[in-house]
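Quick one: the structure is below, questions incoming.
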Amino acid sequence: MKTKWRWLYTITTLLMVMFGLPIIAAGADAPVIDTGDTAFIMISTALVMIMTPGLALFYGGMVRKKNVLGTIMQSFACMALVSVQWVLIGYTIGFGPDINHLIGGMQWMGMSGVTGDPNPLYSATIPHSVFVLFQLMFAIITVALISGAFAERMRFSIFVAFVLLWTTFVYDPLAHWVWGVDGWLRNLGALDFAGGTVVHISSGISGLIACIVLGRRRASGAEPMVPHNLPITMLGAGLLWFGWFGFNAGSALGANGLAASAFLVTNTCAATAAISWAAAEWLHHGKTTALGVASGVVAGLVAITPAAGFVSPASSILMGLIVGPLCYFAVSKIKTKLGYDDSLDAFGIHGVGGIFGALATGVLASTEINPAGFDGLLFGNPHQLLVQLIAVAATIVFASTVTFVILKVLSVFAPLRVSEEEEETGLDLTQHGEDAYSYGNSLSIVQV
Amino acid sequence: MKTKWRWLYTITTLLMVMFGLPIIAAGADAPVIDTGDTAFIMISTALVMIMTPGLALFYGGMVRKKNVLGTIMQSFACMALVSVQWVLIGYTIGFGPDINHLIGGMQWMGMSGVTGDPNPLYSATIPHSVFVLFQLMFAIITVALISGAFAERMRFSIFVAFVLLWTTFVYDPLAHWVWGVDGWLRNLGALDFAGGTVVHISSGISGLIACIVLGRRRASGAEPMVPHNLPITMLGAGLLWFGWFGFNAGSALGANGLAASAFLVTNTCAATAAISWAAAEWLHHGKTTALGVASGVVAGLVAITPAAGFVSPASSILMGLIVGPLCYFAVSKIKTKLGYDDSLDAFGIHGVGGIFGALATGVLASTEINPAGFDGLLFGNPHQLLVQLIAVAATIVFASTVTFVILKVLSVFAPLRVSEEEEETGLDLTQHGEDAYSYGNSLSIVQV
Amino acid sequence: MKTKWRWLYTITTLLMVMFGLPIIAAGADAPVIDTGDTAFIMISTALVMIMTPGLALFYGGMVRKKNVLGTIMQSFACMALVSVQWVLIGYTIGFGPDINHLIGGMQWMGMSGVTGDPNPLYSATIPHSVFVLFQLMFAIITVALISGAFAERMRFSIFVAFVLLWTTFVYDPLAHWVWGVDGWLRNLGALDFAGGTVVHISSGISGLIACIVLGRRRASGAEPMVPHNLPITMLGAGLLWFGWFGFNAGSALGANGLAASAFLVTNTCAATAAISWAAAEWLHHGKTTALGVASGVVAGLVAITPAAGFVSPASSILMGLIVGPLCYFAVSKIKTKLGYDDSLDAFGIHGVGGIFGALATGVLASTEINPAGFDGLLFGNPHQLLVQLIAVAATIVFASTVTFVILKVLSVFAPLRVSEEEEETGLDLTQHGEDAYSYGNSLSIVQV
Amino acid sequence: MKKIEAIIRPSKLDEVKTALDELGIRGMTVSDVKGRGLQETEKQYFRGQEHIIDLFPKTKLEIICQDNSAEDIISRILSICRTKKKGDGKIFIYPAERVIRISTREEGGAAL
Amino acid sequence: MKKIEAIIRPSKLDEVKTALDELGIRGMTVSDVKGRGLQETEKQYFRGQEHIIDLFPKTKLEIICQDNSAEDIISRILSICRTKKKGDGKIFIYPAERVIRISTREEGGAAL
Amino acid sequence: MKKIEAIIRPSKLDEVKTALDELGIRGMTVSDVKGRGLQETEKQYFRGQEHIIDLFPKTKLEIICQDNSAEDIISRILSICRTKKKGDGKIFIYPAERVIRISTREEGGAAL
């Protein structure tokens, strides 16, 4: 049967070539894997994966010595827990067949039906399982980002429960709204290239809620809470920058001009924001700090995330120039003023930078860069800014409400925070029975 | 001449297109490089390469401060030594034309005849030299893994000799048995996707033998031997996880659905094993440790290595659930019970996890995942488990015997261990004349 | 219009296939992106990018504790500053339409005209913007390398100015000379596969000039200047080695046999040089150090850089054998003898190794490896060595002169060095208002 | 003159510094030590091996002062560092014979 | 009261702790120091530059005790730490005037 | 016997070691401490939050010596460490009662 009609296919193909039609269109019902695209997205997946250990170092270096393992553990726990949750239900909630524009159906539960063939709904040239993996890495880092807000005080068992609930009830639905076929924000035309709303606003705002619900860290006297190891924070920032190329360029889902464009603006915005943050510090107190440059890099990467596939290099410079001082202002002034204890500035950088990026996308997006996108305000389409505003608002309302509910429910079962004494001793010892460093000549412990 | 007949080739090609035959088949005698596959394997090679520095950190963080450089040096020495040995003779011993199903011939000695064209025996779509490089990185990390077993006590000169002998007389033949064309275990039908036997069982069991031959570390009194820097151990675990994607997915030797499948089960098994190890600890003593999660990740990655291209996501979850507690039991109970001093648990994790993985492959392999493989016990083919058992047993017997002989021979020429005094002072100073850290205000040394 | 003539194009294409002509040639006016090549170069770009954070650690671990952030900041500042400079003017100065064989024109200023389509002048199968990004990463690390020469004493504001001036007036023109279409050294036939002259000689020699102009570090008494954290130096070396695969193999600008060849010799030369450096140390004072192995790796990578696409594995072994002892001699003997204070041996390794590599390329290059190159002295073409000598000499003269002028000009506006007191306190505190580590129980600071 | 040596909880250092500032006592030397007394041990685990911590991180404060200011200093330290739980620390007093300020070569009370 | 200050090899700390436990002496303060005496230097190399180590890592043990328990403590430390090789360390004894337990304000013998 | 305790700038340690070597004084114990006196504070910034450093890194040198060598040692230290700027440090002298060399059980002058 098959061979009998093969000639017809072949002739059609040849005719199509002759008439200059793209062959891929004809093959839409049987999409073919492109090895270059597949190589690119698999490696991009690995790059996004290494961002979470990078985040672990970035955050881990910023806390006090006694909490470094507790902080790193939160990132690793996200990697372990979300990897399993995603395969079981997370992916299908996010990307399964749409239900009411709100959530995906259970078709791909437990990876059933996910094969090495492409799923042309999302990516016609790479295996479906590669798409699953690529998206998984986004789910992991999103919930890991939140942990910066309540660093140095949450009980580990609560954290585990929080991660599972949050990724299921906040991340997965949000991913569906924005990226899922027939998700309502996608249908509305909201632009979010690589996760400004889904990843950064959602984690930033949830962090804010969580740090308010948990309350400030306790400090006897004026005990300062200063980074204990900035070199590993800098390394973490380097790994984040590195992995973010996979995050943003990979979001083109192919090794093409769009990916290249996203790559270019990602790097440019990160660099510009590092400079503009450092400049803001310098104007404020006369020094440019290493932590400031690292923070500026991250702020720039956050801001460009939703915009990466839609804006020009010039726009990315503009965004970088604004987001650096903006986030610096948020973490150095607003936080102190309002008095919440967003320990490592998950909200101040990811929340604020993410909101800015999502709105800036509504202004600076250009169909010249990406014909599949929309023009922004600057290119004559004020409507897009409105759409972005709606997406931002929806994300804020949804994420903060559900986060609040999750924490309140959890607090019924057990205290969210470690005790005062445990906080003084540190998470490493009290939550994990470990000491991060043993640099001394004289050891403090004896084997039993 | 060439041009004269070119038209024939062209017409044939066109005809073949017309008859729907895959061109690649026709070109079997002159295989064509696929840039996507090549890109994927070259980058995977880089990913596998970074695993060894990752291992250096993973191990380095676990030893006492005075031995950290000595430990890191062992991994770097493997990178330097095996890279040269491989190019000269290692590769051709492993993958050269078969001699008696036991060893490869000398055809590719010194890379003679290895070019940028594919070698269709192993990989028809990538340059032969890429295959050489990819396999090299496996050879490097395998011998580096062993160093965890006898950490903190081997003389560096002995280590150098050991590496060269072991990689030549254990690794290279084993690679031939399992992966070489006409290798006896390959002919037998043993499944080892990315190195369960060749890499993990061989290194684990050799480590066990070595640590017994060398004897326990000396400790005056109850001096505890605790990790001196767990954050770098966690970073090392992150880099291992990252690089393992190249290790396992890259073993598909192309950017295709099989690679994607291997990638997915690799990540899932690592994550599940992290959870199951942590759960085992928690049941045992009530805490989940960072080192435990990192160890679980590695155990999961080890277990899935032989199985990666053959099992489903569900199977990988099952494997992860088992291997975590299994290895935890090995390192926390069996080791203490039997009294060998496998310092960093090279055997407890790579040996035990590798054996489990190889056998589990015989149970859970499925031709639905990979038609080029075989079904396992669970899919109606008990024979496969027997084959896997033979492969495991052969590896154990061969690796342990040769390791024992190598060490005994070496001990004729020089002591294997550092002296008691050197052990107290530490490897860094006595073997390498260096101090890893100089954190104090007051320096201890004077320039001469 | 366009569609009207489409049939002609299609027929021509078909005819060409029939006549066996390579389509790519015909399509020169509309070159097609190869996804495999594009994937490879985008990821290679990321690999080269991570080299600079790697360098930050490599250098950062070698300085004293009080200067580690200052040192890391210099690398991060290069990433931020050069990223923006490149997009604005750097790229077009280097690769824009030739002006007098000396410099590129302003055509691509601010990325105008740089799109996702290939620029066949440099790379016909990848988006132009990918080429821009790949080259950017080279520009970043080159100027970052220099910072090793004057580590621990330059004022940060001067450093910022120096970076901007040096990259614009030294790097960008040099890149044009050697790699730009119609650059005079390129026209002359100078071989520099991945940057022996442009990257290593230029940075090494500029470092030498800079450290002489700035003068020695001040040390009260015999205060030794020893590495404060060698494990992060080793990690840095690992990341450099890892990223260098992107650097050298990526310079083939495609995922092909040439890239594979470059990859192979890169790894082999790095490994051999590590061994030969360690052997030199061992002969000299009886120990092989971790820092020595790391330094040997870097020396080997430097030496092979210009040669990577032109020499055989055997040649790379020879180069590695020589460059290790050569650079060891430079850093341990010549430096002490001549008395300049090249703090971290930017000249001793990159300058000396780069000069050696560039000349060795003139001896060992072979058209059998790369038909697009030339034969070297050993293969009967002594002329090539002369050309390489000219390239080396031109780079030395140009880079050292302009570096000298830049520093002298800057010193008119402000002192280049920190004050004696600041040097004693350290760069971290005086230049950046930060302390890298806070490991103690008792904190030294109070929040205001 | 006296040397007052107080072994305290690290978290109390800041408050003690402030309190002594109020007394006009600025000079002090601080170091990280580990110690044990009645404080109870805690456990650590490495790959299932149990260890007990029997030296706890403490901060050592050394203040050399005139005989007559000793009592004030001691009572300040006591009032701040006393949580009444084990592990609060100890204060030791030793005789001191001489003190010299290096920058000025001043001795005795003038050097404090 | 006396202050016993012993500078010992770090590797001996564990045994000393156990031995003193047996004497019923639990309170002690431990710190990392570097020191030199007769112990011979070792060499370090950084990129071919030779350095000599002339301060060795040591552990300082401070025990404040009643006059009459001093002798016991000293002889225990001596018997454990003495390997007869250079670098074994030193024991210094100083007078102490007062000791206060912060948690209870107890003084003197009761505070030990 | 005396115990000389000098709190000096870390950068002066090398010179002091050499100078004491010349005096034939080799035995010493060195440790890292932090301290404050008249030295002025510096500022640190973390994400815009200003902190002041009010404990500075110092090196503590402890030398136990015979009464009659004390003066020499002190004057050497003074002459090297004195830059006349705040932060030069202090020297404290305490009485010491006994000293024992562990390796030989020698006591007193023979043990130094």
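Should a chain be cited, it is by its letter among A, B, C, D, E and F, assigned in written order, with residues numbered from 1 in that chain.
Assume contacts are C-beta pairs under 8 Å (C-beta built on N, C-alpha and C of every residue); 3 or more make two chains touch, one makes a residue touch a chain.
Source: prediction; values computed, not measured.
*Asks:* Mind listing the chains that sit against chain A and also against chain C?
*Replies:* B, D, E, F
*Asks:* Just tell me the minimum hop count from chain D to chain E, counting one hop per pair of touching chains.
*Replies:* The least step count works out to 1.
*Asks:* If you apply the touch rule, which chains end up adjacent to both chain B and chain E?
*Replies:* A, C, D, F
*Asks:* Tell me, please, which of C-E, C-F or A-F gives a repeat of the B-E interface, judged by over half of the contact pairs matching in residue number.
*Replies:* It is C-F that reproduces the contact pattern of B-E.
*Asks:* Since chain A and chain B are copies that touch, just let me know if over half of their interface numbering is common to both, same, or not, different.
*Replies:* Under half of the interface numbering overlaps between copies: different.
*Asks:* With chain centres defined as C-alpha means, what is the inter-centre distance between chain C and chain D in Å?
*Replies:* Measuring from centre to centre gives 52 Å for this pair.
*Asks:* Can you check how far apart chain A and chain D are, centre to centre, with Cα atoms defining each centre and the answer in Å?
*Replies:* About 46 Å separates the centre of chain A from that of chain D.
*Asks:* Give, as an integer number of Å, the spacing between the C-alpha centres of chain F and chain D.
*Replies:* Roughly 18 Å separates the two chain centres.
*Asks:* Out of chain B, which residues touch more than one other chain, so two or more?
*Replies:* 34-37, 39-40, 43, 222-224, 226-227, 229, 235, 285, 287, 289, 291, 433-435, 437, 439-440, 442-443, 445-447
*Asks:* Enumerate the residues of chain F that touch no fewer than two other chains.
*Replies:* If we look for residues of chain F contacting two or more partner chains, we find 13-14, 17, 30-32, 34, 43-46, 49-51, 54-55, 57-58, 94-95.
*Asks:* Testing understanding: with touching defined as stated, what is the shape of the graph linking the protein chains, line, ring, star, complete or other?
*Replies:* Complete.
*Asks:* Of all residues in chain A, which touch chain C in the complex?
*Replies:* So the residues of chain A in touch with chain C come to 17-20, 34-37, 39-40, 43, 47, 64-65, 222-224, 226-231, 234-235, 237-239, 241-242, 245-246, 249, 254-261, 263-264, 267-268, 270-272, 274-275, 278, 285, 287-291, 293-294, 296-297, 312-314, 317, 437, 439.
*Asks:* Can you check the complex and tell me which residues of chain B touch chain E?
*Replies:* Its residues touching chain E are 220-224, 424-425, 429, 433-435, 440, 442-448.
*Asks:* What does chain D use to touch chain A in their complex?
*Replies:* Chain D reaches chain A through residues 9, 11-15, 18, 34, 42-46, 49-57.
*Asks:* Within the complex, which stretch of chain B touches chain D?
*Replies:* It comes out as residues 224, 226-227, 281, 284-285, 287, 289, 291-292, 295, 328, 331-333, 336, 345.
*Asks:* Applying the document's contact rule, which stretches of chain E touch chain F when the two form their complex?
*Replies:* 2, 6-8, 31-38, 54-55, 58, 60, 74, 77-78, 81-95
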